[in-house]
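The structure appears below as structure tokens.
Read from first to last, the chains carry the letters A, B, C and D; within each, the first residue is number 1.
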Amino acid sequence: MPLSPEQQAEIARLRAESQPTRRATVPGLEEILYEPIEVLDHGFVRVIDYMGDDGAVVQAARVSYGKGTKKVSEDRGLIHYLMRHRHTTPFEMCEIKYHVKLPIFVARQWIRHRTANVNEYSARYSILDNEFYLPAPEQIAAQSRSNRQGRGETLSVAEQQRVLDLLREDALRAYRDYMELLNEDEAGNVVDPKRQGLARELARMSLTLNFYTQWYWKTDLHNLLNFLSLRADAHAQYEIRVYADAMIGTLERWVPMTAEAFRQYRLGGAHLSASGLSVVKRMLAGETVTQAGSGMTKREWTELMSVLGREG
Amino acid sequence: MPLSPEQQAEIARLRAESQPTRRATVPGLEEILYEPIEVLDHGFVRVIDYMGDDGAVVQAARVSYGKGTKKVSEDRGLIHYLMRHRHTTPFEMCEIKYHVKLPIFVARQWIRHRTANVNEYSARYSILDNEFYLPAPEQIAAQSRSNRQGRGETLSVAEQQRVLDLLREDALRAYRDYMELLNEDEAGNVVDPKRQGLARELARMSLTLNFYTQWYWKTDLHNLLNFLSLRADAHAQYEIRVYADAMIGTLERWVPMTAEAFRQYRLGGAHLSASGLSVVKRMLAGETVTQAGSGMTKREWTELMSVLGREG
Amino acid sequence: MPLSPEQQAEIARLRAESQPTRRATVPGLEEILYEPIEVLDHGFVRVIDYMGDDGAVVQAARVSYGKGTKKVSEDRGLIHYLMRHRHTTPFEMCEIKYHVKLPIFVARQWIRHRTANVNEYSARYSILDNEFYLPAPEQIAAQSRSNRQGRGETLSVAEQQRVLDLLREDALRAYRDYMELLNEDEAGNVVDPKRQGLARELARMSLTLNFYTQWYWKTDLHNLLNFLSLRADAHAQYEIRVYADAMIGTLERWVPMTAEAFRQYRLGGAHLSASGLSVVKRMLAGETVTQAGSGMTKREWTELMSVLGREG
Amino acid sequence: MPLSPEQQAEIARLRAESQPTRRATVPGLEEILYEPIEVLDHGFVRVIDYMGDDGAVVQAARVSYGKGTKKVSEDRGLIHYLMRHRHTTPFEMCEIKYHVKLPIFVARQWIRHRTANVNEYSARYSILDNEFYLPAPEQIAAQSRSNRQGRGETLSVAEQQRVLDLLREDALRAYRDYMELLNEDEAGNVVDPKRQGLARELARMSLTLNFYTQWYWKTDLHNLLNFLSLRADAHAQYEIRVYADAMIGTLERWVPMTAEAFRQYRLGGAHLSASGLSVVKRMLAGETVTQAGSGMTKREWTELMSVLGREG
């Protein structure tokens, strides 16, 4: 359970409050505001704040004076047009802020997206909680043979158990040693008055990379879509993909037209290379094209056939 | 008057609407939401949307679960601490969006701030209005002698008149020729059916740099403060400074604690160089220091004496 | 002719110098270093400096200790792989710096690419030259009917002449008035000692948008490719496209493998939407698909047929 | 020793090569190009490439056609002027690329500087080396009492030993378990053929935060100075400060005039708040000012007195 009763109470209190505003407001997103969506064994994503809606995209594209909304069908058409032609700046006019709790090794992937604002919990300043990630058994898999940076088949049950035991032991020992180094309990009280504690900024180095950290993460809609298209992709590591999936749920509540266009033109589409396009044209003209005659490498050919849903 | 009756009606309609929200809401800023604040002869700034408040800065600094707010005095102290020590990331957690109407030559200075999102009215796509900037007489001044990129004393009344006449004539002729090139009236109807019009993306090049353009401009609070500290500065060109001044007014409504800290540590403070600090220390120790004995150039010495409010 | 004899001499002098370096060096790009490539009637692009080569992309991708080069074929394969899968960070490891002279209305489009470093000639500080852009006759075209932000058919010769006359007259008058407002000649000497001149930061507003400005513009290879893919596109305005075309020439000299991959996967490829991909699959399966049965709008259908090289 | 003989040979080979170039070249930096500067127990920083020199800053500030260099004294004056008045864009015209080996917990601080390009060694793709950071005894210190995010006095020798033992044991065990999970040796060979290995992207989570990672890190001179002013500061954690110190050494070789100005106006200077400035003015006027009469908090007052080198 990721939240303490105090934290739950704080969230409940926030959710009970309501103010009038003249700003663009999205009831579907308000419904889940502040609520943690559980991800992995101790993590979560929760929407803390947002600015704008589908209408704000339209408004910016038209640099108009009002809310920019004409008929729903026109707005939808414009948003699809913008997405199709990669007119990205109107999508930058919406902003969203998340509070995320995530394992450190996931945070290290996530932070590579530099076009966001981040405030992370500081382990120089505070003590980390005793919470670490252990994969669910069905996620415990071998190195992939075809993809050098992915995982392949699931391990045997016995080996899964061995993995979990090792990971759990290492994390438990790491935390025990972390607390011993600090010579503090979680409330900050000295444990052994005869010893000095080690500075927090040093003690943290003994923790393993599956410990949870947390941050506020804020980005605009355009950069959120970039993040989601990379991290909700099948090639992304499972442990970050589940966060992206949860965030796509919030995207659909927030900007349903944009989410639809995103599925249509980004997530569900495909990019053809010059050679790939040429192959498709030849095939459509009735020619039988083989890899050998395509000018493509074997790997590219396999990727193209997979995109086109063909045997190859 | 910068707005048409239709635009005023649209704004009035927007301002009349109100929705409930669970988000952080700032009544003082809501009061002026959507309303144009007039700047220069035809320009304006208006706040279109915002995210967060002083509490959101505090919340991010603490990576807390609730609003992050403790006592008002603690929040104020924390915000001052963050500003003093240039802990900038918590200020990035607030966002504001403006609609700005401004002369093109001002837009060209403004756009150098790259850490914002911008959607500008497109003169490839649409026809620009017949609105151009003419300085108020008291702004019509000679090149500064001391500052190679500033203005000095005001011109004589006769010369002011001559300047205004030239600027007005040039802009009027530019717009007349622009319309003739387009062969369209402002409603988009063909004027002379025997002629083709020139493409908009070409015709616009005949306009002068004092014509007004407009854009949506969105930035986070940290980058807004950077913009304001540079553009509200006495060395900034008057025509952009008046926009910055108007925006400081909106800052004070939005995040009063941050605005106060900004005045205390950024706008009202001073930066001393290593040599400048050494001079101050020697002076405080009772020594009489002269430029010659300071190790500073004449220019630096003058700047230091001016900061310290001394004759030099 | 964009350069004065003094400028030409300065460039010749720079080109005559040579130093030894241990850095990655590209002879093909060194050949044209500092040399202006003429663009439009008075503009140019010239490469001022660069960092890295194709090998630096490979090196970063491998985070290796040496230059990263194995066999040429392996390097080429890796660069194609990175481009195909949009692994963009290794391309950020190369950097290039241009000096560009361009009309102000082109500069205003260009500057929207925010991920570059820019130093522009300051008309607050200095006096602009009497150089303005006039389109070549074959570029003087009407507003497009199909594309609201493009140009269509060329105007008649008589109308071309009328356009050129108007643009030339307006620019000449603008410059004459600019100089009169300044009361300075181009060398900075006072013309009429009985008058004060207007401050430069004000006088510039009387110039038209086709006057030339210039800047140093520096970006990394990844962002350069983004710029080029948008600005070398058929939908870009001709006056910026010619700059992009000239820069693609420098790209091919600098990083030939990356340039090849860029043509293969970005410039020459095509993006299919989810619906578009579904149409292609149905067609490949032998089905006759019509717009009505495609689930696509007429506009999207036309775009897809055009990509596939079919009548539609 | 951070480098293997193969790596050393590769670096020696690179350093032996030399090509002619027309680019701005800095002999003092060429001297150390590619050479690792040792930092901490297994880390290093090495300059891999650079673009520009002090002259390039001057050239950009003047948007000139040649090298921009006039007399040395004028260039120096201009660079000091730019630094003093925070005209930052000319400094963005120089670029530098480092290869850095650093503990993961340091990398996590470093990466917060978002305005750089980064390629990190991928532990999804490759196996990390068995190298982890252990602090030197004199760095093993208690939590600071005055600064909630720093370290205070050094621990007793016995406690130092205890800390080192714990950190070493935890890291050794973590690596042993990492290898066991992978079921590979460092050359990538299967160890126990009866077992499957765990995917690399999962196995890495068992490592502790003091393991070393490495990356290519590239930034422009302006952002490098920002990084250095924050990370070479006395408040920065020791383990990142030593990297910043090593990089200041490379800065002085690369752009000596900029480095001098940086020391004068950034590192060696001080920022006074509005209240602080007012206190200094009153003191200079002969008044005896106390904290009570200063309008400052106790903490601010102490900070000011420390800046002014006074007892307080």
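FYI, a contact is a pair of C-beta atoms (placed from the backbone, for glycine too) under 8 Å apart; a residue touches a chain by one contact, two chains touch by 3 or more.
Just so it is clear, the model here is predicted, and its values are computed rather than measured.
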For subunit A and subunit B, chains touching each: C, D
Winner on C-beta contact pairs when C-D is weighed against A-C: C-D
Interface composition of copies subunit B and subunit C: same or different, split at half: same
Centre distance in Å when subunit B and subunit C are each reduced to the mean of their C-alpha atoms: 29
Intercentroid distance (Cα basis), subunit C paired with subunit A, Å: 34
Subunit C residues counted as touching two or more neighbouring chains: 89, 112, 118, 122
Residues of subunit C defined as touching subunit B within the complex: 103-105, 107-108, 111-112, 114-115, 118, 122, 124-125, 133, 135, 139-144, 148-153, 155-156, 159, 163, 166-167, 170-171, 173-174, 177, 180-182, 195-202, 204-210, 237
Residues on subunit C engaged by subunit D in the complex (per definition of touch): 3, 7, 10-11, 13-15, 17-25, 27, 30, 33-34, 48-52, 56, 59-61, 63, 65-67, 89-90, 92-93, 95, 97, 99, 117-122, 214-216, 218, 220
Subunit B residues touching subunit D - in the complex, by the definition given at the top: 77, 84-86, 89, 112, 235, 263-265, 267-277, 280-281, 283-284, 297, 300, 303, 307-310
